[in-house]
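Here come two complexes built around chain A, the first alongside chain B, the second alongside chain C.
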Partner chain A sequence: MSIAVAKDSWEAQRRRAFLLGLAPSVIVLVAITLIPALALVITSFTPLSLTDPVGTFRFDDLLGNYRELMADPRFLGSVATQLKLSTASVLFQVLVGLGLALLLNGSSRILAAVRSVFLIPMIQPPIVVALIWKILYSPDVSPMHRALEAVGLPVRSLLANPDTALWAVAVADTWQWFPFTMLMVLAALNSMPADPIEAASLDGANRWQLFRYIILPYIRPILVVCALFRLIDSFKAFPLIYVLTNGGPGTVTEVTNYYSFVQAFNFSYWGYASAIATLMLAGVFALSWLVGRLDWTRHGRH
Partner chain B sequence: MISRRSLLRSTAAIGAASLLPRAGWAEAIRQRFDGVTLNVSTFSAAFPSLLKQWLPEFEALTGATVNYDTPSFPVYNQRTDLELSTGGAAYDVVNVTFIYSSRWINSGWLTPLDDFIADRNRTPADWDVTDFLPGAIAPETGADGRLYGIPWTAEALLTGSSRFDLVEAAGLEFPDTTDDLVRVLRAVNGKDRVAGFVADNHYGWTFVPYLQAFGGNVFRAPPDDLFLTLDTPEAIAAAEYYSNLLREFGPDGAVTYTPDQVTQSLKLGRVNFTDAGQLYLAQLGDAKTSKTVNTLKFGLVPKGPAGRFPGTAVHGLGIPAASKNKEAAWAFIQWALSKQTTAKAVAAGYGSPARRSDIESATFRQKQVINGSDLAQLALDSVDLAAKSGHMKYRTVSVYPQVDQQLNKAIELITTGQLSAKEAMQQAQVASLAELKRAGVKI
Partner chain C sequence: MADISTAISSAPAKSPGKRLAVATTLPRSGVERIIEWVGSHARPLVALLLLVLVMSPFLWLVQLAFRPAAEMFEDNLLFTPTIEAFTSLLRGNFLRSFGNSLIVSTVSTGLSLALGVPAAYVLARWDFRGRRHVALWILVTRMAPPIAFTIPFYLAYRWLGLQDTITGLVIVYLTFNLAVVIWMMQTFFEAIPPTFEEAAWVDGGGIWQTFRLVTLPLAAPGLAATAVLCFIFSWNDFFYALILTRTNATTAPVEIVNFLQYEGWEWGKIAAGGTLVVLPVLIFGVVVRTWLIRGLSDGGLRE
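Right after this comes the complex of A and B.
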């Protein structure tokens, strides 16, 4: 009995010590993440406008902003644009990242050097990436446009054309973020045991069959995680839109967080902008939940 | 013991003090603010940069210390809008940004300056507030008729041609009307690989002179009657006309051009005509960076069926209502916008003063004549025209930023062929109405 009490006491002490150790991190987390998020949600229930902050910080119609959003064609359009941009850029990033990882998977010094070069876009500040592509997409100064014109394939401004503007943004986003997938896939390939590939080769499998039946099943969880991480991150695509298109021409590249920015910082409707941000937050939470539900151990069974 | 640092500071102060102005207003503020720290914020531009260089003069004159902050234009506006709206006392002097002036003034976020100006102990007569252009004073005045900002710039929207030699070669003159402009552009577009026309894609600024020239307007009778008039036949005709200038005569990607891109394209002679602020147009006269100095020509914005309506933009210095150093803040404004300081700025090359004495000075006139075009006179004519008709009142309406963006979108939609002029302007009308309702504006 006394041994059990002592054990409980020791476990209780241990738990308390853990909690005490965690407390500073939890306090910081609450202060810098949860409290602002709570403030955002509370603000979304008000029609707060900075032109009349006292008069508009009221709670007489809690769902007013959300009702307005459901009837706001510009908001609904921005969600559709966001989904198009996110799907296209994440798909490109995963395909390009995967392709390059397969090509660059090896131990030679040249491959190592090339891998390092391909990481450069990812370590650039997003605003620098946006400026690089602004130059590339501006016909009067763009080396890309001049080169195409020189070989007899002149291309009109991609950003001013409503049919190509969103694709142009997706390409720039892909350029910056394909190295993330490449890096993750390379890490997975490095940790892959050689035996299954050797055995399949001995059985006469060709390169495609090796990829389809051995490599792809092994790296599939990594690809799914990459896609989900990039999908969550793609909701934050702001500098590219801000620098390249301002959401235009018209509203063809106006994604949801850019629309939220316009409402908050151009029009001072902080309540309305907070409602948009809250809906985005809910979407990101849903995706994060999905990431958490992934079977992380699956590749261990192959 | 005197440290090296304090010795250097004293020497600098003595040096600055020896250059201090001796005017009556300077005597009124001399050594009255010893130990006061002033927080001044405005956006980064030519005049604020000059003031920054001359701050030791103000500090030596008054004894105050100045913290001086000049972020970029959008950052400044967002930061100050937030600070003023929350009743913050972080700033003692702020720039009263033109497009926010109605919101900031009529919300009671700024201090009326009339009492400071009328009190001869604080502001001797030689400071002369009547010297500022009436067209520049008007946007700094509240609905209550009181003055809330002293203007440091009065910029006009003008028309510029970087390759006027092509126009002359076609036997034509500088376009005076909207019809003339099209005639000229048809004659010169594409000659020497030079596109005819481009404008800053902030169409809520560059398009409105055309909207009004066609007899349209943004609101029915601003600032009292804010009924939107974006879908009138006149407004639709103006939007069709302007979008056609960009579509038919613009360079590739015309709707993506920012002000700096417009200036650069005219400097390099890639585009011929634009409508732009005089500060941007004056840069075309810089022989070091411009290839078109010898072929430039400037004029007023074209006249339409309803007349000529040049745009103007005014910025001034004001004092936040929550400032704890209002006396010292007024002393700063007096110094910064005294005849002596603004004349010194003009001598240093400043291009858009708001004092008539500066604009009419020989120093300014000499600098503003570029390849035979008198930018100063054109700007003065524009500001006077804007002041007389009051057509710029639309721009200081507190909800104009919302409508401004709808106009940007509308012109882009028409130019890129996504919507017809009628559809785009009707859409802008409906969307702007929704924005105004959200802002609580009663129409």
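Right after this comes the complex of A and C.
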């Protein structure tokens, strides 16, 4: 009996200690994420703007901003631009990352050194990535443009050309983020058992067959997780657009995130910008939920 | 896409074939020996070639920073390097913004660790109801687009007088750093067998005393990896600092863009600023490379 009581109080003591450890984080997270998110959703129901400071507390037309959004060609265009940019850059970076991981997977010191250096684009400040590509895309200081000019193929700025601007941004984004997939795939390849590959090689499988039937099935879950992560993250792309194109030419590179920024911080249409941000938050929420489920099933299987 | 497929298939495929061919021919000329050497080292050679190609945009930025202003638009790579761009940069506001960046990143990292590490430990050890909801919430926080937080924070800071202050930035950076700490440290704590702690409890240690003396030292490498990542994430932020600061609390990334807007495209100064901002991250990368890689791969998978 007394043992049970002692155990009970130990359990209670433990729970109290755990609550004490968890509470500060939860309180801070509620204050800095949940409350702002709620405030954002509430603002999105109001016509709050600089010209209408009392609009914060007007709730006579809750879905007004959303209705307007659905009829706003610039918003719909920004969603299409976002999808185009995200698809292209995620596809490129997963392919490049996968290729480089396969090439650099090995124990040689040169390969290990190259692997480390390739992390630089990902860990350096995004603003520096933006500056680097601004330089590369500016004909007067760009080695690329000068080389093209030297061989008699002068090209005008890719960023000023509506046909190429979005691709130029996608290339810069790919350069910045291929290391993520590379790192993840390398980690997966590292943990891959060697037996199936050896067995298949003995059976005469060539390199492509090894990749197609043994390596690819093993790393496919990682590739899916990488693509989803990068897809979600690509909605945040800001410094590249801000420095390289400012959304232009016209609105060719204006992604949803950037359009929301323009509405809030250039035009001061807080309510309208909040509605855009709320929709983005909902999208991220849905995709995160998907990642959570994928991750969960992956762990469940092992 | 063509270069990728060749990088995967041709480089490794070449070497065994080459070796076979050479083994059958006995007398070898110098050229053949070179071909053989290239064949058997194809993979590292391709890797080094790609290294130069992929990193050349970065190197171009660095060389622009050291290039004399008069030769800015020339191609010669053999110029006398000058630090003029750096000195003119440091005469302006840049040094202060660099200091701001250091303060904000350090304080935010410390605060996130102080708050997040105990929480991560609890999530790793205590299977309470609603644990999965807390986990999902933290994941979404990590993933949320900054614009969603920026609008309410901007409006609240105007009212609270936190606009353009270091404190304001430190608080905002908690929105992503706290989630990073909780996610990453959770995996590190889960990797430590609870038996060590149970033994300490039997000896009469309290939960947090045991945590401090037994668990935390075992998780030290993970803690270091997490701290490095938090610092880099804070240091790299551009969006929050752009919107929530004006003149007093501007961080280095924002300051570069500021002088870009006020002084136009002065390539030398821009390149110098970019080089300086990248420097702490590179130093960190070299000093704590293994921890950083571990942090990036573990954090990436679990965050």
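Just so it is clear, the second predicted complex is superposed on the first by the 270 of 302 C-alpha atoms of A that agree within 3 Å, B and C clash if a C-alpha of one lies under 4 Å from a C-alpha of the other, contacts with A are read in each partner's own complex, and residues count from 1 in each chain.
Everything that follows uses one rule, which is that a residue touches a chain if its C-beta (ideal position, glycine included) is under 8 Å from a C-beta of that chain, and two chains touch if they have at least 3 such contacts.
Bear in mind that the values here come from a model prediction, so they are computed numbers and not experimental data.
Once chain A of one complex is fitted onto chain A of the other, the partner contacts of A:A200 are absent, as it touches neither chain B nor chain C.
A count of residues in chain A touched by chain B and by chain C gives the higher number to C.
By the touch criterion defined above, A:L104 lies against chain C but remains apart from chain B after alignment on the C-alpha atoms of chain A.
Once the two complexes are overlaid on the shared chain, A:F265 sits against chain B and chain C alike.
Residue contacts after overlaying the shared chain place A:D52 against chain B, while chain C stays out of touching range.
Of the two partner chains placed around the shared chain by superposition, chain B is the only one that A:L159 touches, whereas chain C remains out of contact.
Of the two partner chains placed around the shared chain by superposition, neither chain B nor chain C is touched by A:A227.
Contacts of A:L40 after superposition on the shared chain: chain C is touched, whereas chain B is not. In the superposition on chain A, A:A187 contacts chain C only, with no contact to chain B. Of the two partner chains placed by superposition, chain B and chain C are both touched by A:D140. On chain A, the surface touched by chain B in one complex and the surface touched by chain C in the other have residues 138, 140, 265 in common. Against chain B, the residues of chain A that register as touching in their complex are 47, 49-53, 56, 68, 72, 74, 137-140, 156-157, 159-162, 245-246, 248-252, 262, 265-269, 272.
Touching chain C in their complex are the following residues of chain A: 13-15, 17-18, 20-22, 24-26, 28-29, 32-37, 39-40, 43, 95-96, 99-100, 102-104, 106, 108, 110-111, 114, 116-128, 131-133, 135-136, 138, 140-141, 143, 146, 175, 180, 183-184, 187, 207-208, 211, 225, 229, 232-233, 235-236, 238-239, 242-243, 257, 260-261, 264-265, 270, 273-274, 276-278, 280-281, 284-285, 287-289, 291-292, 295. By the touch rule above, chain C contacts chain A in their complex via residues 1, 4-5, 7-9, 11-13, 43-44, 46-48, 50-51, 54-58, 60-61, 64, 72-73, 75, 115-116, 118-119, 121-123, 125-126, 128, 134-141, 143-156, 171-172, 174-175, 178-179, 182, 206-208, 232, 235-236, 238-239, 242-243, 253, 256-257, 265, 267, 270-271, 273-274, 277-278, 281-282, 285, 289, 292-293, 296-297, 300-302.
Residues 78, 81-82, 85-86, 103, 107, 201, 251-256, 261, 265, 270, 398, 401-402, 405, 408-409, 412-413, 415-419, 431, 434-435, 438-440 of chain B are the ones touching chain A in the complex.
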